[in-house]
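The two complexes that follow have chain A in common; it is paired with chain B in the first and with chain C in the second.
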Partner chain A sequence: MSTAQHAEPAVNTPPAPGPKETDGRAVQRTLTLRVLARPDVGVFLGAAAVYVFFLISAPPVRDAGSMANILYQSSTIGIMALPVALLMIGGEFDLSAGVAVITSALTASMLSYQLTANVWVGVIAALVVSLGIGFLNGWLVVKTGLPSFLVTLGSFLILQGVNLAVTKLVTGNVATDDISDMDGFDQARKLFASSFDIGGVQVKITIFWWLLFAAIATWVLLRTRYGNWTFAVGGNKDSSRAVGVPVAFTKISLFMLVGFGAWFVGMHQLFSFSTVQSGEGVGQELIYISAAVIGGCLLTGGAGSAIGPVFGAFMFGMVQQGIVYAGWNPDWFKAFLGVMLLGAVLINLWVQRTATGR
Partner chain B sequence: MHRNHRVAVLTATVLTGTLLAAGCSSSSGGKKSEEGNAAVSAGKATTPRMTVAMVTHASPGDTFWDLVRKGAQAAAAKDNIKLVYSSDPNAGNQASLVQNAIDQKVAGIALTAAKPAAMKDVVAKATAAGIPVVGFNSGVGDWKKLGMLEYFGQDENIAGQAFGRRLNQLGAKHALCVIQEQGQVALEARCAGLRKGFSGKTDTLYVNGTDMPSVKSTITAKLKQDSSIDQVVTLGAPIALTAVQSLSDAGSKAKLATFDLNKDLVKAVQDGTVEFAVDQQPYLQGYLAVDSLWLYKTNGNFSGGSTAPVLTGPAFIDKTNVDTVAKFAANGTR
Partner chain C sequence: MTNNASGTHGAVLADTVPDDADRPVVQLRNAGKAYGNVRALHGVDLQVHPGQVTCILGDNGAGKSTLIKIISGLHEHTEGEFLVDGRPVHFTTPRQALDRGIATVYQDLATVPLMPVWRNFFLGSEMTKGPWPIRRLDIEKMKQTADQELRNMGIVLDNLDQPIGTLSGGQRQCVAIARAVYFGARVLILDEPTAALGVKQSGVVLKYVAAARERGLGVIFITHNPHHAYMVGDHFSVLRLGTLELSAERSRITLEDLTHHMAGGTELAALKHELSQVRGVDVEELPEEVDLTVPVAATGEAAAS
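Right, the complex of A and B next:
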């Protein structure tokens, strides 16, 4: 019962059918089970468990400033985990998501610098490039019918090479030039990488963007036709085509959404660090996918939510920073991270099994 | 139809972008503010053309290794050498690249022995094939055993100790050594040396060097967890520049110093946000490695009498001498 209260804010569960026709006890039991059966409740409990664990074992976590730092780390993962999750619900993968972030940042930075243009020119060009990469990925997947795992593995490698080669070609170095003294930088920094003072705590703007995007994604998934299409193409492509779902459009636009996410995170990195190293971003794609999977998205598509990956990303950020706040022996860092994540996923699985398994 | 529409939109956007680019120029910074910088060049040797392979354990896109490569290219251009550069962070793959160079019958090989055991067989094969092998950057403890001709680089452990002693002079009490790649031999050796030379307490922190936001928040977290830290030590220039932001996020008064340089870091030393940097002169390492092979091939010279390494560092760069380095760093060669 107490679990039910905990899980209740897990949004948008349509209210249980009127409690009038049965006695209280039976209804509450089914309600508990119904709530637990939601894909995002397991991850919510897992995230809560990790949070409580570190609250006890790492005193600095209790400080509000530390929480802002943990949320910041989570937001940079979470903003990308959202479109990656939507794409997974739609039945596809994007392995190029990690390096695409850097591609976007490099494009904006080098274009503005080389043309000595207002940085907004670079920002818009980067958006076009990012959406274009998403479009190409999606178009190739739809047209060839190849698994997106293979197609995007290809684009992952291509982008990795292009990032390095083009940067070297254009700048002569492997990192871009500092653009922090150029026109428009401060403006763009406000939008992508500023922080606010809330009750004496510096809170990064990415956290707000993350939650806003999550809210929009939730609404789209559950309340719009596009959301239905997403679930449908991920569940069964052929039957959804048969009932008139525009499969190609849905899939390609989902890939383009990942492109949008990559652009946003890329701009955040550019405007908070002023330069970009061309070799970064490799390996991040797996973290985004993990956050989505921990958040209850199936690897096979057709199921998941937008709120689940929010908690998934939070769990990642919490564990990563929590280990540092707890001051544990850093040699074990990666091992701790793995054990904590596995534990959290197991809780998630167990909750879903108990809720749906009878 | 659908697609045509999309292409049209795309073209329109690109066009708008280009037009904007023409109109919206930046009044500060950017390419236009660059001073004309002449590329390093000198005459060219008349010795017969030869091929030299350089095989490193660099991960692609690292600013440090870019300098090594530029140094090597400068020497190759002078010495009428065709330079074949390749790299792979995985020791097994690096060994295959060396084998590849042997198969190409190159005139000489310059390699980094970050994992010496993995290089043993290929170095022996190269020597058997009559190809001289020069070590640089990594493997200062093993180059003789491996049968290399000479070695150019910095002893990471000694550099770490020198770093620690410098911190003693500056009065630091509690240092945090930030490693951006867990288990990397050279980086671990720096922190170990630091611990030896530094009389205060030294903590280690691992961060994920391929994800800057994560580097930033992890250092912030550590500074909050232990407020007695008064000195942050980073092992690469980009990490140092990110740590600057962590320090302000955490509201920490700790000082910051780093291993390795790049042009943005030079600015940070100039304005005082970074106290000092220890430079091992990657450009020099690359240059000497290639140039020494040329000397050996054309005149039989080699440095250090096969017993002592040639040290290229540690050189301390701080406010007093940063200006002499600054103009070279701006060229991207120091």
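Right, the complex of A and C next:
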């Protein structure tokens, strides 16, 4: 237990360059400052502030049912924000994450409908396609050495076009056909899009998946070799390679992890609504990246956590639903979000600067 | 001020291999590397024996980096032979070189600055425990081992959890050297370990170079500072314009010769002026110089035993 407390802050603490802190000359900072210096603590305070704000200005938020709704909204962002955050810690970006969700859902939906097969056939095929897209992104980035921004901007545009064109080609429509009466649909729905009754409140299963994935991601990041490698390839790719870290494997598998996340969220959307709009998903990738950045992941890689993006996603879900509950014009959502993002990042920066004494 | 030996390629003194010396761990025979139509390196012969420090000197662009990149597995050589334990090898990744006991400490890519000291120490060769699905880092053991190993090398750090970027350049080099020694390196390549360091810190690093030699490692010490090289070196190779300018044992060369070859015979006057200044610095560090030169006399014994 004591190791856990020691190990975590060290990875997340931003660097304090300069030869000042050396043998015996380093002054131990107070506990409060050391806690505040952690990026995920900053975002936790930010999330708490947003929560309190809406608690006051939008009375319906105080209801447990609304809370379940807010958490559900957060989970659909959060499940994707997690792998996106891990990838960011590993030093890369994925702009195709938003449309890849739709690609996955479209693949599963159209494949099982056209073949009139069990939906699980489509689900497995979609997983293969999603992992394949992740692999291609990662492989191109590793092999060419191009910035992942460019590579995934390319795949973003490709997928966006393919989503629309192939859907129109196959169904003659921009949406897929309803698959709710097909074999295996109810089973798959149970896994990806069911609800539980907890104390009279309907709680969506994605919330549990989200928290489970976050717990696994935290453990992997801080307690396994793979996590160590993730920090290393994001922090200094060349050093990592020189000491024997499999850089290509780590980066490609991180991209594939984003593919897995896209598949999971895609399946959730498909089995919630039983039909998919092929033009959706554009812009979502920025929401995921924002959640990761608000969650304290360094845009340039090498630092961050898996818990931070959980709070980052919660902030987004909170604002999205909070505006509705407050009875404001939802057109303001994006503007409000932008203010939140800037505010959170600034508060984060201020807290870090104060805490690290720079 | 120029003489015949300098400024020409191939003024290589005959290399008298000590009779009782072991087979070299690493050997280059007429090795070279071309990038496209640019010959960065050609005709290089090099031997690295256990318990000896082989210094490679040269000005910027002389091919030092290319040479160590070949030995450390970052680049493949395109000419000649590269032998490890007498067997020809072609390394395509640094992992292969590491597996053969060749570890490299790079000047600027030795560590990941944001990661804690102990994570850096074990990066790429982490200790784990538990069966596969829950196989995890053995953090306690790694911290203890890192602390122990660093103390063995004479490095005492308050907090192994601090990001290694907060350490000074010399300390970082020392951690990297201690790491290489711990992971069973037989050959340690040091890429300009003293280049960005102050006088005192350079002394500390040179001490660890000597400590590594004492442990029986073959050390390849790359530098463009003949003074640092002469303090610890047993064998000197000077590179110039991509090939060997000089290859000589310590007993057959003086510091003046070395500096002369480094400078290629030109601008010697200016250099001598610089030399005297740096020398003044060396005098201050004299106790350490004595420490460092003592093992040289013992090299014969070490090789014999």
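Going forward, the second predicted complex is superposed on the first by the 323 of 358 C-alpha atoms of A that agree within 3 Å, B and C clash if a C-alpha of one lies under 4 Å from a C-alpha of the other, contacts with A are read in each partner's own complex, and residues count from 1 in each chain.
Assume a contact is a pair of C-beta atoms (placed from the backbone, for glycine too) under 8 Å apart; a residue touches a chain by one contact, two chains touch by 3 or more.
This structure is a prediction, so every number in the text was calculated from the model and none was measured.
Enquirer: Have a look at where A:Arg241 lands relative to chain B and chain C in the superposition and call it first, second, both or neither.
Expert: In the superposed model, A:Arg241 contacts chain C only, not chain B.
Enquirer: Check whether chain B or chain C contacts more residues of chain A in the superposed model.
Expert: B
Enquirer: Could you tell me if A:Pro60 is touching chain B, chain C, both of them or neither one (first, second, both, neither)?
Expert: The answer is first: A:Pro60 touches chain B but not chain C.
Enquirer: In the overlay, answer first, second, both or neither for which of chain B and chain C A:Gly145 touches.
Expert: A:Gly145: touches no partner chain.
Enquirer: Applying the document's definition of touch, where does A:Leu115 land relative to chain B and chain C: first, second, both, or neither?
Expert: Only chain B is touched by A:Leu115; chain C is not.
Enquirer: Tell me which partner A:Gly199 touches in the superposition: chain B (first), chain C (second), both or neither.
Expert: A:Gly199 sits against neither chain B nor chain C.
Enquirer: Could you pull out which residues of chain A sit against chain B in one structure and against chain C in the other?
Expert: Shared contact residues on chain A: none.
Enquirer: Note which residues of chain B are touching chain A in the complex, please.
Expert: On the chain B side, the touching residues are 2, 6, 10, 13-14, 17, 20-21, 24-33, 59-63, 65-66, 182, 204-206, 208, 210-214, 216-218, 220-222, 224-226, 238, 241-242, 245, 249-251, 262, 264, 267, 332.
Enquirer: If you look only at chain C, which of its residues touch chain A in the complex?
Expert: Interface residues on the chain C side: 72, 74, 93-95, 98, 104, 106, 109-116, 119, 122-126, 128, 135-137, 139-140, 156-159, 161-163, 165-169, 171.
Enquirer: Which residues, counting only chain A, touch chain C once they are in their complex?
Expert: Those residues of chain A that touch chain C are 3, 6-7, 9-11, 13-24, 26, 219, 223-225, 228, 231-232, 235-236, 238-246, 302-303.
Enquirer: If you look only at chain A, which of its residues touch chain B in the complex?
Expert: 58, 60, 63, 65-66, 69-70, 72-73, 76, 111-121, 124-125, 128, 132, 135, 160, 163-164, 167-168, 172-175, 178-184, 202, 249, 268-269, 272-275, 277-284, 317, 320-321, 324-327, 330, 333-334
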